[in-house]
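Each in structure tokens, the structures are laid out below.
One chain, subunit A, appears in both complexes that follow, with subunit B as partner in the first and subunit C in the second.
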Partner chain A sequence: MFSSNSTSQNTLIVSLKIKLSKLLLQPTFLIGIVLVIILSYLVIAPIVSIFSNSVSLTMMDAMLSGGKDGEFTYKYIDRVFTSSISEKIFWIPLKNSITVSFFATLIALTLGLILASLVTSTNILGRKYLGFLLIIPYMLPSQAMATAWLTMFKNRKISGPQGMLESFGITPPDWLAYGPLPISICMALSYFPFAFLLFSSALSKIDIQLEEVASTFGAKTKAIWSKIILPLLIPTTMSVLLLTVARTLGTFATPYILGTPAKYTLLSTSLYSSVRSNDSGVVAVIAIVLSLIGLMLLLVDIWVVRKWQRFVTVGGKGIKRQPSKLGVFRMPTTIFAWIIFLIAALGPFIVLALSTLMREPGNFAFSNFGLAYWTGVNVPGMDQPGIFTSPEVITALKNSFLIAGSAALICGILGLLIGYAVVRLPGTLISGFLRQISFLPYLMPGLAFAAAYLSLFAVSRGPIPALYGSMSLLILVMVVTYLPYASRSGISAMMQVGPEPEEAGMVLGAGFWRRITTILAPLQKSALIIAIILPFITGMKELSLVVMLVTPGTELLTTQSIRFLDFGYTQLANATILIIGVVVMISVLILNRVTKTNLASGLGG
Partner chain B sequence: MTLTDGGKMTKTKIISLITSFFFGLTLLFQPVVSFAMTLDELIAAAQKEGEVNTYWHSSRMGKKVAAAFEAKYGIKVNATKMKDSEMTERIVREVSSGNVIVDLVGYDDGPFLDTVLTPKGMVENYVPPYLAKDIPADSQKPLIYLWQPFVIGYNSETYGASCPIKSLWQLTEKDWSGRFHMWDPRIASSMLQMFSAMEDRSDELAASYKKHYGKDLKVSEANAGLEFVKRLAQNNPVLYNEDYEIAVAVGTKGQSKAPIGIYSLGRHRENAKKNLALALCEVEPFKGLNQPTYMQIVKGAPHPNAARLLAYYVLTQEGANPWVGVVGAYSSNSSLGSSPDNPYPTAEAWKGTLLVSNNTNVAKRRADLMDFWIKHSK
Partner chain C sequence: MSEIKLKSIIKNFGGNSIAVDNLSETFPAGEFVCLLGPSGCGKTTTLRMIAGLETPDSGEIFYGDKTFFSSKTGELIKTENRNLGLMFQSYALWPHMTVYKNIIFGLEMQKKSLEEKEKRYLELEKLFHLENFRDRYPSELSGGQQQRVALARMLAIKPSLLLLDEPLSNLDSNLRLEMRSELKRLHHNLGCTIIFVTHDQMEAMTLATSIAVMNDGKIEQIDKPMEIYNNPKSLFVAKFVGSPQMNIVNSKKDEKLATCLSKKINIEKEKVKNFGIRPETMKMVKQDDGDINGTIETIQPTGADWIVGVNVYGKSLFLISSDPPIGKENDTVGIFFKPEDCHSFDNNDLRIIKN
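And now, the complex of A and B:
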């Protein structure tokens, strides 16, 4: 460009002009660039800011201790890892997190494997329905299980209405009501459907010929399972293991509801306490630790998948395994599977619903039933309006729809745009960058990401105004967090559409927008709907991501239910959770209708 | 605007200089002018603003005052109940982002107010001139609008007419392990204010120990106050975000081993409505903490005049009634009465049995006290 030779400068200008006109004709490149800029800011900036927060003095501390706002300090790293309180705020929570994750994962994995084997490969009764019904716990917000547990088992240790068992005269001991045991069980029951789905799909992909060969050679069913099928499931098992651990580490609601009364702190609740007490340097450090654990787990997962890839045999051209006859075990296994469904899916619904209909827990007299908690103007004993008359709940309901809805819409469109740019610009730097960066948020637990957003958008930076306290912050953080799923599905959806239809359009003189609206959009209609409904469902039941970011006026249904719990209004919290459950169920049904398949398997978030 | 522009000053320049001088002068006197408004002028200015946003320590702002204020002045009050740590965070965030939402705060964290918010100019201290003569000087800077006793309470159905403990030190005994319910000090600064005040009055704590147990207290910490805090933390107290839950835990009827708790005395008003059996614990050496609540206008408030009017209103009998008309609070406006349900008619009548913290001491010690608490809690 700085060549003194004027001829070469001219050619350069001409070639630039040609490039520019190409750009205008084919804005893929432009879209790619714009996406790169937007995503760099939305994804990388929070990560940078959280790292810088962990080593710079906060404004609050600067004010109190007289230092300079933002000056370099080891104070927070020290506080988390080595100070006199490090044990309380980090090491014990870390130990507890590991314990709980271990047991929760173990239970979830076992349940998932057993149930998947039963449903896919045996003649258990009602297997057709179980395939869908066992996924229901996954659709409920994570606090549903925990509050249902609390409604059932709580004792006089903490205040609020009596637990159901207690009202029957049975006082559950503390270890059953609060702490590691209920947390592990509730997390396991919330997350086993995930294991169930992965194992089911792995089992149905195993080449049936392997089994046929074995049985031709006279191998018994038992031998086929222990020597062929289970070893082939090892990679899936590892994936389930790592992903479930990652998930349990990031879960906030369960330990908050069931751990707090017993002062059983996990990393997620310790992080939240630090947020509540304005200790933002410590928040940054713990968030980084959580992200690093997430990153580590993901790397191990990738490594395992690579290492085992050579053993994966995907063949089975649609030949379904003949369900093996269970004989005398048919009834016991059937009962087992249905009991799991009862406990994990139906149970919480019944407990939550009952608690909102009974004025006094445990009193089954007809007169004790009523709709006071739903439609009452002033609920007896609470000095609070019922759910449908409470302005707070109405606002939260509106906000939930508005925020999750807009986030889903943006996320779906952005996902397809990224897919478009990645697929249409193959081999370019932009394509690779977009692919990687849109996946980055996957590594950070919701709480850590929210902490980063909180610090990044609290004040105005350059052209971006301070978003704290506005709905746009909540929408933004949801969009970015759900982007990994949206962009993955966007990329795979775009892969399926070759460039030919568009090229044909171009030949016929159709401009870019015309091509998009008349060729691409109709082709991708159902992909778009899926890409919108899935984040919507996740957004409706989101808690850990938003619990630190909501402000009065931007409360969502999930955070409102936590507020109710804080005040001991258990019934109102339960009713709020039921509303979320119903909205999510309806969305899933719509999704199933649109796609005509069981899309519960796509519920990645 | 140089005066020596080529050594010559034109007429227009002089005029513009004088004008800008007077313009600056009016800017300078702007706040003074608004301070000197008559009440009617203030009402008119407030009504022009139409609404006012508050963060308040008590839900009664939203539940009671808002409706009465709107009915009287036609100004809408948006009230959010908030704990002080969250309020602090929000005030600082809003003021430093320039996106100020809140106008008036009812705020419990005096130490932070005195050492940070006021010196940094993040809040404006407004003492309604129409009432100033009735507010004691030591409650004016910064303005305290309400004194609320946070008391040790017990369940009178379980334990009858007298509290099961005589000395605070009994709360550190094994018998009361897991049976003392209190605010989480990480969230409610009142608890840190209480700990600091206990340090200030260590001698009384030590004396009470000797009186109750008949032997000297073995102090392994810097003072008897810290010793108490440590033993309390180690005795597994149950922590809450909201004192509503503490009151319910303590006062629910039908308990055989009801806990003891610390909560605002105002909860006693709910005994009848919520079928609770809360009673004041006559315990030595302190029956609780007298918590001042400050009222401040946030810097850059979008509705400053409505905020001033509301500040005035809650210091009048009508506006203060939701608090002072029932048990549990005393207005800083000495001309207002208090509810006959209070155990004592005025804050002074408690005769020092309520702890009052010193903001400077709390500010100095709070970080250490917080870590001390976290370190020793089980």
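And now, the complex of A and C:
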């Protein structure tokens, strides 16, 4: 008895010894475990908190109705789905959201497909430039299009300076100025570059030999497109469709700017007003609904991708498709593509810029132009300093750089760390868990996630103090929301390098830290720069995620522009948006310089 | 210089099949051992476990009097401290370091003085004809040059054990021939133990002093190259080594041909599941002059010799001859084979040793 006991104890000690030395051999394990703990808290806690908020009585309601604070209740679920105000806060916004998403997606998809086909496969004039120019709208913050629209089509219904058309004596009707039509168009123009990018990449991936085979059977260009290329694009189309719908549902700026004057509410703006009125139970319920819709769309997307897997074409020899000659259609299609560029990218810029340079809208007299809105100490008629002297703008600019910058820095490093742990610990629980959990925030729309963070960090919990009103909350929420993108690019960067360079160092006697500093870090330098710049760009444009978390003092450029709009200072709002646009453009140029490639699908938000 | 001893090594990656299945083998000091086998047979895993890049689930690995790993005592020496040379299929040259930096990396880890590094570098530079490449980056080198840099980097620290993981597969055939002789010369000059992983039986035959044929995580046979070729211990080894492959005649499916073969080598047909004849051991003769008649189906000249497909009782046999075939397609010819060149394998696919 005794002897067998002692041998089993011995083997236990031996196996523990091996486990320990393996652990020391691979500090990756420790990194992985630390990441698991941090991410579990940052990702899972908000989700749990939002679910619990949806069914527990708030203190306010407890006092009003005589229940106990935190008591289990169906009150908020009832309020959203069945009460007398449910029409107003949920059902009508839901219907509006569906309508707007439907039309916006339809337009974005069609534009994206047509333009991608023209640019990748025809001899349209300026195709080299269009490939880059057409994705510019994607880089602009989503409120740029909306404020440009408002600057153009605004009528007397709301206060502030005249709209441009009105100053020419044309009064745009309400349906053109506010509500579903402009919202759909603006969203479509903001999101079509996404479809354009995906379709372009799908088109360039289709093996040209598939088309050449068809042409040996006598198929003409038209037949090749209808019988071969377009059917092969079905899976891409489905993906574009679902992702664009998901994006439009989560967009806040456009419906807020163009819908509010006409009292046209979408789910996102309804959620925002519930936050404003401190109705945390209702916020939680709507956030859950938004997340479920997001989850459903994602599941459908996964299912579609799997179902259409057989359509995945294995890359051929990388021969580029010869641009087909458009003949008489060359001019009309060229004009069409450039007009889209004009409306979606250049137009908003010009409108925004003009509005900040003209003292009175619509008056093109030379004397009417000036820099008052930019450099003025006291802008006439507004009792506000110009952009460059406005303390609000300067604070917001500082905050934007500080918050988006720190979030991007953390995100980039975290993404690569996650990538390292996932790739170097294949087949382990840690690897699988990290992969899944870092993807989880992708399912929740930014608004819902922000709502969750709001409720979680409004009070101090455990070692973490109450963060509401602090910059760290904004940084934290950005980091977690961008984590899916960061970790995915981190994983692929690590995959690309593979274990060999490190193993070669190991064999020659380099220890862990030595390998990280002399081999891995230099190899991943450009991946790291990209991993920082991409979230920085997204962070500079971010609105929906931060709009309900900012407080006076932590305003960002994006939220400051919304404040200006709220007060009717359209020109100041426009100038602020232009500043964001410029910062983003410069970042994109740096990014292009670093990657030496066309910036592609990495841009989120 | 010492021998490598593997004892009951088991490694499982969690899939359905086991990567290395209870492997016990000793690779003698100074040998050039080839681990040969199809992809997924566990050869690279075995090599990586010797290097310490993977840890076995259980078993022991000894190098001379050093214990690299033992699941019995819990000993484990880190890769960093095993002092061996390893070369990858991709070479794994660091793209951000110059040729010089790459090669002296190992010496730098050992904190060698500048003079020592310089001296060793100059030696290696000469040995591998790398003059003028000192400040180049790996991407500015050709495949063959990269390979030589990788070899130099590996040898800089004078390891007594070299592990090579398919180092020739990324080269074109000319360069491969050149590199094969280079490796052979290197082994001869350095006298160190080399373990070499490959799936290319030609490479194994030409380089190794002994070949270990692996299949499904086990070593099927370890022997001198010609022994492996002439006396394969199992059907798997027989089929894997040799190109074109050995002709396999199944006693059930190709009954008539099998009967003829069993008579020729004087063995009971019932005992044999498969017969094997190497293509170059058969001779094509005039109709009715050989042991059996067949119809020529295909003739493939390779330049040096001819590969002829002959249909015998519905079974296609391939012959190689350095003389032009005596007939053309659809002609009937005779085939002659020597009994000592006919292999026979039992129901467990093991060689039947004739007495």
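In this text, the second predicted complex is superposed on the first by the 567 of 605 C-alpha atoms of A that agree within 3 Å, B and C clash if a C-alpha of one lies under 4 Å from a C-alpha of the other, contacts with A are read in each partner's own complex, and residues count from 1 in each chain.
By our rule, a residue touches a chain if its C-beta (ideal position, glycine included) is under 8 Å from a C-beta of that chain, and two chains touch if they have at least 3 such contacts.
Keep in mind the model is a prediction, meaning the values are calculated, not measured.
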First (subunit B), second (subunit C), both or neither touched by A:157: first
Touching partner for A:500 - first (subunit B), second (subunit C), both, neither: second
Which superposed partner A:84 touches (first subunit B, second subunit C, both, neither): first
Contacts of A:510 with subunit B and subunit C, given as first, second, both or neither: second
Comparison of subunit B and subunit C by subunit A residues contacted: B
Which superposed partner A:64 touches (first subunit B, second subunit C, both, neither): first
Partner chain in contact with A:34 - subunit B first, subunit C second, else both or neither: neither
Contacts of A:12 with subunit B and subunit C, given as first, second, both or neither: neither
Touching partner for A:522 - first (subunit B), second (subunit C), both, neither: second
List of subunit B residues in touch with subunit A within their complex: 55, 80, 82, 85-86, 88-90, 92-94, 96-99, 101, 115-116, 120, 178, 181, 186-187, 236, 238-242, 244-250, 252, 255, 257, 270, 273-275, 363, 367, 370-371, 374-375, 377-378
Complex contacts: residues of subunit A adjacent to subunit B: 59-60, 63-65, 83-85, 88-89, 156-160, 260-261, 263, 273, 276-278, 381, 383, 458-460, 465-466, 468-469, 551-553, 566-568
Residues of subunit A defined as touching subunit C within the complex: 13-18, 21-22, 25, 427, 498-501, 503-511, 514, 519, 522-523
Of all residues in subunit C, those that touch subunit A in their complex: 13-14, 51-53, 55, 71-74, 76, 78-86, 88, 90, 92-96, 105-106, 109-110, 153-154, 156-157
